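Two complexes follow with chain A in common, the first pairing it with chain B and the second with chain C.
Our next item is the complex of A and B:
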């Protein structure tokens, strides 16, 4: 087993693990760092067998999760002890399930009890969902703010959400849920994974 | 004086600019004679004034209250009082719907007196507690901008007992809501109903300028000075008495499209109860008293006629009086969309062109060949049932029993089973199994291998190069990693994504929709002005293609020889033969063409059959044709007329086949990659003796450049869109047949146009040049799925003759009918 990860290594490896596969540029964007520095860190992590490089992107190895878990136990003990975080996280559970319902309403429309794919021909229907997403993201703000006081990297999430929402309003609706862009769905999903790791919890279901 | 406001009864529904979309809709319904709860619209002028001046226009408040008195008289209810209190819904209504605008506020007008009166009228204190809580939260959130107001206070309302004093209940709930709001943001919801109303009106005006609304307008070029209207409407209560209730009804079944009301009604309830799933509603036809049901039926039928569409209608019954709350176009399944369009046209409710506009090519595709449900696929993935992913070689989604050899595949299929054939690799010895199977998956080979070429010719779902598969013919198992599937296991195959799943997916059978689809396609053909030829390969393909509405057929000599097991022998003879092959050396080809095309032409009867000549450099068949070896030995075969004898042999064979098939046969031969008028003229000379009409099959920008002269030298002209796009992009044409590499490439933003699904702007100019051809029949050969937009675009460019894969016949017939109907 390798020695513990320092904070920057953690941030980089965490971003790789959350994205499953990511370039140095994408990682730098997600953690608010410098691409050159990220690339160097990736090399170090590759040397320790925690990531592999393939086609200009880094992928986590099986060793990445245990290493991150061990590092998070050290790094985030104060976050885990913060009662405000605890309370906000409880509220997040509700917000998260509302988010999932909203996402499935974006993808599928209920028709007399049958689900059919949303063909996005009803601007009013889609508009309501986007309004809802806007509100749900606003509901994350208190939690993200508190987390950012512990670790500034959490402030990347509000920034990414803002960018995605602005794009959606400008007509780029793929930024709602497309898996191939930095969509609201992707950002939310990454945040959820990140939160669970920070708190040392397992995903339910 | 009344200036800024208009009642639903007096407003002009066409004046959407002043009334907004929702206001105009309610005015329209009211004036159609529908019983809509009375209300009025504050026109957009007032909003514009507010935005300019920063305050409500002078006199607006008075006007709003004058209207309120009218509402009290019309509804027999009293605002902020009893015996039945008047509660209002207030919502925004811009001329163009946009995100970021204020949501509806319901139950506005509740105060202590109204709450007590409502409790007496409904006999339900807990309901009143809930109304108070919900109103407070809605107002706090939408008007005051509070985040999550009223959280945790549901318990307080739920704890109210049936015998609690309504006044005390109101005080308790209101105080708790106010305290929470104070703690959260220091705001307060007015307890005076009139102040509530003005506050809500102002909030609607303010919401015009939220960040999201502004961004949306900027992007969509909507002027910032339109302003929004405010819709103020009286609320009706479905929970006043046993002869009250609420429901939702579709004018036809939105799942199947079957005629007859489809919906639910719940007596003694408000709409929210149904939505929240608190109580289970009953089917309208059973639950609604007969006179009301009759009224609903009549009204629904009239509305359908007026709107020319199936509608989704929300209604409430208040003390045996039926009120209509909302009427909108119903969302529906593909199956229902087809049936509804056919039925409405059949009943004469809508014009043929309108019926065609109600259905998309994609919906036709879903109805004729249902695929997997997204949920099922996601579930299978989550459960680890995805076995492996290969290269999708021919799209389609099929489930069936796994079979590992072709004899057994044929046997099982003849016994009526759906079969998925898995082979390490396919050869001509597998043809009978491949023809019998619903799907084909191979472990080796690429998108131009035998399996891929034959599957595309047959239109059979196919995945190739699934290298994780090991077909163990001895043990009769398919091994994928550490998983072992015995022959006969259920598997599912997706020929677009290349995925192979363990287990079957339910595929909805559209039996009921088929007749409707035929009816709709008849309308499309009558409205259309285009000819559609379907790709076939075997005689058995002909009848289904013609039944799908094809006007004629296309095929290719190499496809037919591949599907009948001759291609390997042909390639081998080329590799074994002398360098300078004589005319006699091609006699075998003439014989094979005669043999295999006689039954095909006979099946086609009098229908036109466009035949593409053998293309030994077809990029989509490079592995199958062993192109490197063949063209190394015979470089002359790389150019269309490098060996005229090869073309002459095919013409001889076709002439003989046409004669043998009977006098009605109408074949013509087209030669791929012709790019020069001289080639076209040489081709015609070559064909003179056979009597078979010939023409060029253009694939290159140079061919397009000379298209007028090339056309003049032929009896027909074909242009292959996929090949032309590939040439313009400088990509091998085979890469336009598979998901990868282009899916990934497009996802990375490195191409701005997907040449598989849309016409590139760089190609449009070329197509214009081709579309100008008038000297002979001009056809466009399309591959894969053709979207509604592409069909319309090609139609607009002037093309009227198309050839498509057989499965695309119906979608294209519809799309072209729509395009012609405008």
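Our next item is the complex of A and C:
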């Protein structure tokens, strides 16, 4: 348990921790690996008490977070020292607040001062929200690009965002916020958590 | 009318009024144990914050109701609870106490008091108001 995580173990365990509950296939998809290899790594991580299996998925144990934190301190010291990253991250906080507000506006509309569920009957309203999301995602590009120069796994986020946005454009609106598909909200949330761990920061309330 | 034990932000209006025993979840292990116990649907889940991200598996496995002690309806957990249509009262405070959550300046005692008071109690959530979510005694 005390020995550190190698990079592949880190990538697999990090994906489990970001997704909170994930199958080997979903993890392989997110990190661009082979499902069989991911399954073997998960077994190893389970043997070390870092994940448990429940309902066909892997979940992180309480020990996962400290192990990831310790590994990230080693792996990402150069990222933390990169001033460009630092500057771009400052801007990310504002973008993130706007993203959360926009996501809530997708779920609920204001009718006479009262928030009611968006029934998605107003295509113009929905279109505006999707445009805004598109712009907010585009604002992440410089940060994602520089992170990918440090660790190529960050290039998975632009790829996943592109796939989700293309699906939304094709009418699959569940790809905006549904927690059960690789939606824009899921991808954003995972990126935010990943970013905080990479930088060794805590989530703010 | 039943006694109102706690009030907070109502994350979304719903006529669903789940009833169950409050279970305080402090860590991912608590969530895993609850899911594995097969008794997830008997409980209203109490967590510390809107940033308590380890709750997601419980929501996807069919949690019936959630109470948080901090966080805003626009937070990640708020967004998830609307997606899953799981009634959720956020930043709940006890009606019997003067203590309130203040961002970045809330003593531990505030959270401890709420957890101690609500954990194990049979409650019902009332999420019909467009602003205030209520935790009612149901025992």
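Everything that follows uses one rule, which is that the second predicted complex is superposed on the first by the 203 of 205 C-alpha atoms of A that agree within 3 Å, B and C clash if a C-alpha of one lies under 4 Å from a C-alpha of the other, contacts with A are read in each partner's own complex, and residues count from 1 in each chain.
By definition in this document, contacts are C-beta pairs under 8 Å (C-beta built on N, C-alpha and C of every residue); 3 or more make two chains touch, one makes a residue touch a chain.
Note that this is a predicted model, so its numbers are computed, not measured.
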In the overlay, answer first, second, both or neither for which of chain B and chain C A:114 touches. both
Which of the two partners, first being chain B and second being chain C, lies in contact with A:123: first, second, both, or neither? first
Looking at A:139 after the superposition, I want to know if it touches chain B, chain C, both of them or none. Which is it: first, second, both, neither? first
Scan A:77 for contacts with chain B and chain C and give back first, second, both or neither. neither
Partner chain in contact with A:101 - chain B first, chain C second, else both or neither: second
In the superposed arrangement, does A:21 touch chain B (first), chain C (second), both or neither? second
In the overlay, answer first, second, both or neither for which of chain B and chain C A:189 touches. second
Which partner chains sit in contact with A:171 here, chain B, chain C, both or neither? Use first/second/both/neither. first
Of the partners chain B and chain C, which touch A:59 in the superposed model: first, second, both, neither? second
Could you give the residue numbers on chain A that contact chain B in one complex and chain C in the other? 107-108, 114-117, 180
Which part of chain B faces chain A closely enough to touch in the complex? 97-100, 103, 147-148, 212, 215-216, 218-220, 250, 253-255, 262, 330-334, 336, 360, 362, 373-375, 747
In the complex, the residues of chain A that touch chain B are 91, 107-109, 111-117, 119, 122-124, 127-128, 130-131, 134, 138-139, 165-166, 169-171, 180
Of all residues in chain A, which touch chain C in the complex? 20-21, 52, 54-55, 57, 59-62, 64-65, 100-101, 103-104, 107-108, 114-117, 177-180, 185, 189, 193, 203-205
Inside the complex, what are the residues of chain C that reach chain A? 12-13, 27-29, 31-32, 35-36, 49-51, 53-54, 56-57, 59-61, 70-71, 73-76, 78-80, 82-84, 103-104, 130
